[in-house]
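One structure, as structure tokens, below. Some questions next.
By letter and in written order, the chains are A, B, C and D; residue numbering begins at 1 in each of them.
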């Protein structure tokens, strides 16, 4: 469908624009917005045609067989077999066609590319908080580069919210104490409104953020200034309080949080042996557990081992780590994980941070 | 329409007065057939009352398989097995009650129902012991769960489901015993005969359903 | 009483008595005992139907008032008239009252109760006491829900999504228990109807001679009996979690809010088929009667009702495409939802086909049905469109969804309900309503409906989320149009209500079978006697619910001679 | 008119049949008890469910007289089971194929033998 329209080139562009205006659809600011809209036109025109068709059919049949004076017996009329079969098969074919066209697009819309830039989103009753892995955090305003895939890892502090930007045709619920993902590749720079689409209480309708899509060059400059600003403010450590506007990259906040929670009493960050396994190069390493199982260290394992350390103890270490369940807030966990991910020894540090491993949608 | 008056006065003819033929049914036999079919549809819908809990159980079991296994070992297996045997035997005695009423042995049938009610009480008492033991141990649902050694996520879910499933089942056991008592009263007062044994059959069916649900609960809760 | 031989029995029903002068019918179920006690403890399915009619109409008006208040507030984007909390309670109670107090019990409770025994040639439903018990269950549930409303109401939306519903300080538990009890009233009604259809059919009435309304009610009863217990337990789980802290759905304790959504929608999607299947039954009856023609493809409609009832259980996941469900299962649910759409489409073509070679008479019930056809097809196909995955990502939880389900619930179910009230009005009350006012009421209802809900489709496209107390300014124009539409809709409902009430009080008596229908229910007097038929009706070998091609006909045509 | 032959047209079931079914149920309970004590493999749930289903069908067929029952009564419980199985199937397959971090944090602990 999409390729077909591109093939026709500009010829259909005015019709495309007319249909979009007629259906009150917002502008298209992401790669898959155009495709969604074209599928939308195909289905809505079919709906309009069939419903007006049936309505006019009914009026036509009424006009033709209007009850004239007197009453004559109705002929015993039996529907031909092809009619009975076709009224089941024809709609069936159309609906299944819609399904296949839709599902193909949906899989692409929900599987983020491996090189997407991560941004952590934290929804809270009636506000949004964004934090970049190695950049600043901000409240209610998120800056993303245009023409680059961006993946949002979203979690909520209380109830279910939903991150929805109409112009990008993206929406995903934000579940409490777990992470859902959403990705997009914004095309046209601009400021787009973020709406909360899942009912979340009194301030549900005022929980609006701004998605600021910037030119890639502009975005990189902005990120640099932010990082430099952070470097100078390196030592102004303050206790990491998730609610106030804290400074420093997420990794640095992770270091502060780790210090605060006395993680360094058992875990070293320079590779030297300690009570617990060292954090240097821990990320993306295969660890052997006491019960012999081999596991791959990723965010899920790091969270689990913080929440319930007794479960998967690395071979050769004593089971002494206390549980942090309930003592750590979600942002602190995310910050510490980010800090552990940033602790690669120099050989590994130069290559680009590969970011978390993306499972394709099907493999659990 | 002549047939149905014969129906009322069974061979031994000592029915005090049989069931009233409702005005909207032609024959007594159709009324009984409708009643039985109605009871069966009610049993189908009643068993689906447990569907939400079984759905929750299966989802949380796939999520924390090992936690469920650990929690299931916390439960008192002997009491659980005893309860299962008790319920199966009570189901047997209720079936015998139906058998005796077919042969117009009212006293034997009443005794069988009495045995079943007794076993129902036994089941509830054992359940009571189990629950109090769980209370002391701390194997409590939701936020009260404080059993050490079991991960919080799986543990509180298992025991929430455990108390909900066994609680709902116990409620059905109590309702079942009430129905059985009603049927026993009918048998003793000779309201029923081999021709018309609907009360015994209906309460029997309900009791068998309660036993059926426990047959599934037992392996799911105790033998994880 | 010896069985009359076949031939003799046929004549007895072929000749309808000639049109005698219309006199007040002898005693009928309405004037057979007029003490309040005879009404409150009645076992007569017709009186229970009238009680349901009154109760559900009160529910409908109450829900309508909530809707009007919501629409008035949405005139302006900013805060106005009442607070966000009040707004949240309003739309919650609009949902709860309209769905649990009106849409689910209305057509099965009123027309199922009144017509099923008449259509089956039986004296009453299988379990009359159980039927009365279902009315009192309904009253208890409604009282509990309204008590909850008066004492602060719930602000969770009718969907009660956790963890909001388990943490909000609002009065959620009484409304949950109210809905729980209403669920049992629905189960009991469903059970009663299944047993009635199976065991109370008149002699000679085989399954494929059953009127299509009976098929619709039978399919609905199956859903009521199977799906409602799951809802009852889920609402109980939320109530238990709120009061005793069981933590089944508590996310911090390993609970899964998406599991709640699964269990809730396992009931609530088949519930929309509980609302629409009886409406489809009404449409089949009305279209057949007013085109004096057999339904075009009786078996297609009958089997489609059962198809919707069973396949309808498979599609509930399409409410959760963007709520954290896995991509694979979203695809599976989208596919299964498409299958259900097929049955509705097939029925629609059969209804339109019924008018082919018939003699169509445009009266008020038929006007509602023509409106039903457009709204049902448009609403249904937007439903299938929303089941297409990438579109749902944009449309989920926006006003597009609100417009879709209002097109089905108001455009289809309420229109069919209005058609049913007008069509069976002479049979139920023995009075005639004024055709002119009936049609004008229908006209205003159509115009009001289109002006109210069509703009909401566009609002949804524009991206306005649902349940918004304040909304971004650029949505205001469409919201104003929609609010004006809601006033016209309210006027339409008002006119219809006044017409019917006037007809009840001062309408002239209707002669027997004034629409000339061959339906079995019209063989009883208008209004019928307490036990429906003087002699047990027997259905001859080639007699049927739509035998318009046979020689016998209505009183009017007896005059013209066939 | 529906052929509502009464369930008692045939001779009522023999006493021995009840005893036989009762003994079979007891044996199956012991079997499921002992199977649970063997090694807890991936199939332990499947085996437990199979045994429970056979016990359920035994109770259903003989104690609830479905064996000599006519008409729809037979399929009512079956339909309830089908819809329950359907719901569980779809719920569990959703949880199995969901984006891993979107699942509730679950922790795997080693399971000691009984």
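Here is the rule we go by: contacts are C-beta pairs under 8 Å (C-beta built on N, C-alpha and C of every residue); 3 or more make two chains touch, one makes a residue touch a chain.
Since we're looking at a predicted model, the values are computed, not measured.
Visitor: Among the chains, which is located farthest from subunit D on the basis of C-alpha centroids?
Guide: Centroid comparison gives A as the farthest chain from subunit D.
Visitor: Which chain wins if you rank chains by how close their C-alpha centre is to the centre of all protein C-alpha atoms?
Guide: Here the chain at the core of the arrangement is C.
Visitor: Tell me which of A-B and C-D has more C-beta pairs in contact.
Guide: Contact tally favours C-D.
Visitor: Based only on mean CA positions, could you tell me how far subunit A sits from subunit B in angstrom?
Guide: It comes to 48 Å between the two C-alpha centres.
Visitor: So the centre of each chain is just the mean of its C-alpha atoms; given that, what is the distance between subunit C and subunit D in Å?
Guide: 36
Visitor: Using mean CA coordinates as chain centres, what's the gap between subunit A and subunit D in Å?
Guide: 41
Visitor: Report the inter-chain centroid distance for subunit B and subunit D in whole angstrom, where each centroid is the mean of the CA atoms.
Guide: Centre-to-centre distance between subunit B and subunit D: 15 Å.
Visitor: Could you list the positions in subunit D whose residues touch two or more of the other chains?
Guide: Expected reply: 2, 4, 72, 79-80, 83, 87, 91, 95-99, 102-110.
Visitor: Can you tell me which residues of subunit A touch two or more of the remaining chains?
Guide: 175, 177-178, 180, 308, 311, 361-362
Visitor: Do you know which subunit C residues sit against two or more other chains?
Guide: Within subunit C, residues 198-199, 226, 230, 251, 254-256, 258-259, 262-263, 266, 324, 326-328 contact more than one other chain.
Visitor: If each chain is a dot and touching chains are joined, what shape do you get: line, ring, star, complete or other?
Guide: Here the contact pattern is complete, since every chain touches every other one.
Visitor: Where on subunit D does subunit B make contact in their complex?
Guide: Residues in contact with subunit B: 2, 4, 6-8, 12-13, 15, 18-19, 21-22, 25-26, 29, 32-33, 35-36, 40, 44-45, 48-49, 51-52, 55-56, 59-60, 62-65, 71-73, 76-77, 79-80, 83-84, 87-88, 91-92, 95-96, 103-112, 114.
Visitor: Residues of subunit B touching subunit D in their complex?
Guide: 29-30, 32-33, 36-37, 40-41, 43-45, 47-48, 51, 54-55, 58-59, 62-67, 69-70, 73, 81, 84-85, 88-89, 91-92, 94-96, 98-99, 102-103, 150-151, 153-154, 194, 201, 204-205, 208, 211-212, 215-216, 218-220, 222-224
Visitor: Can you tell me which positions in subunit C touch subunit B when the two form their complex?
Guide: Residues in contact with subunit B: 1, 117, 122-124, 126-128, 130, 187, 190-192, 194-195, 198-200, 225-226, 228-230, 232-234, 237, 240-241, 244-248, 250, 253-256, 259, 262-263, 266, 531, 536.
Visitor: With touch defined as at the start, can you tell me which subunit C residues reach subunit D in the complex?
Guide: 198-199, 201, 203, 226, 230, 251, 254-256, 258-259, 262-263, 266, 313-314, 317, 324-329, 332-333
Visitor: For a test of understanding, state which residues of subunit D touch subunit C in their complex under the given definition.
Guide: For subunit D paired with subunit C, touching residues are 1-2, 4, 72, 79-80, 83, 86-87, 90-91, 93-99, 102-106.
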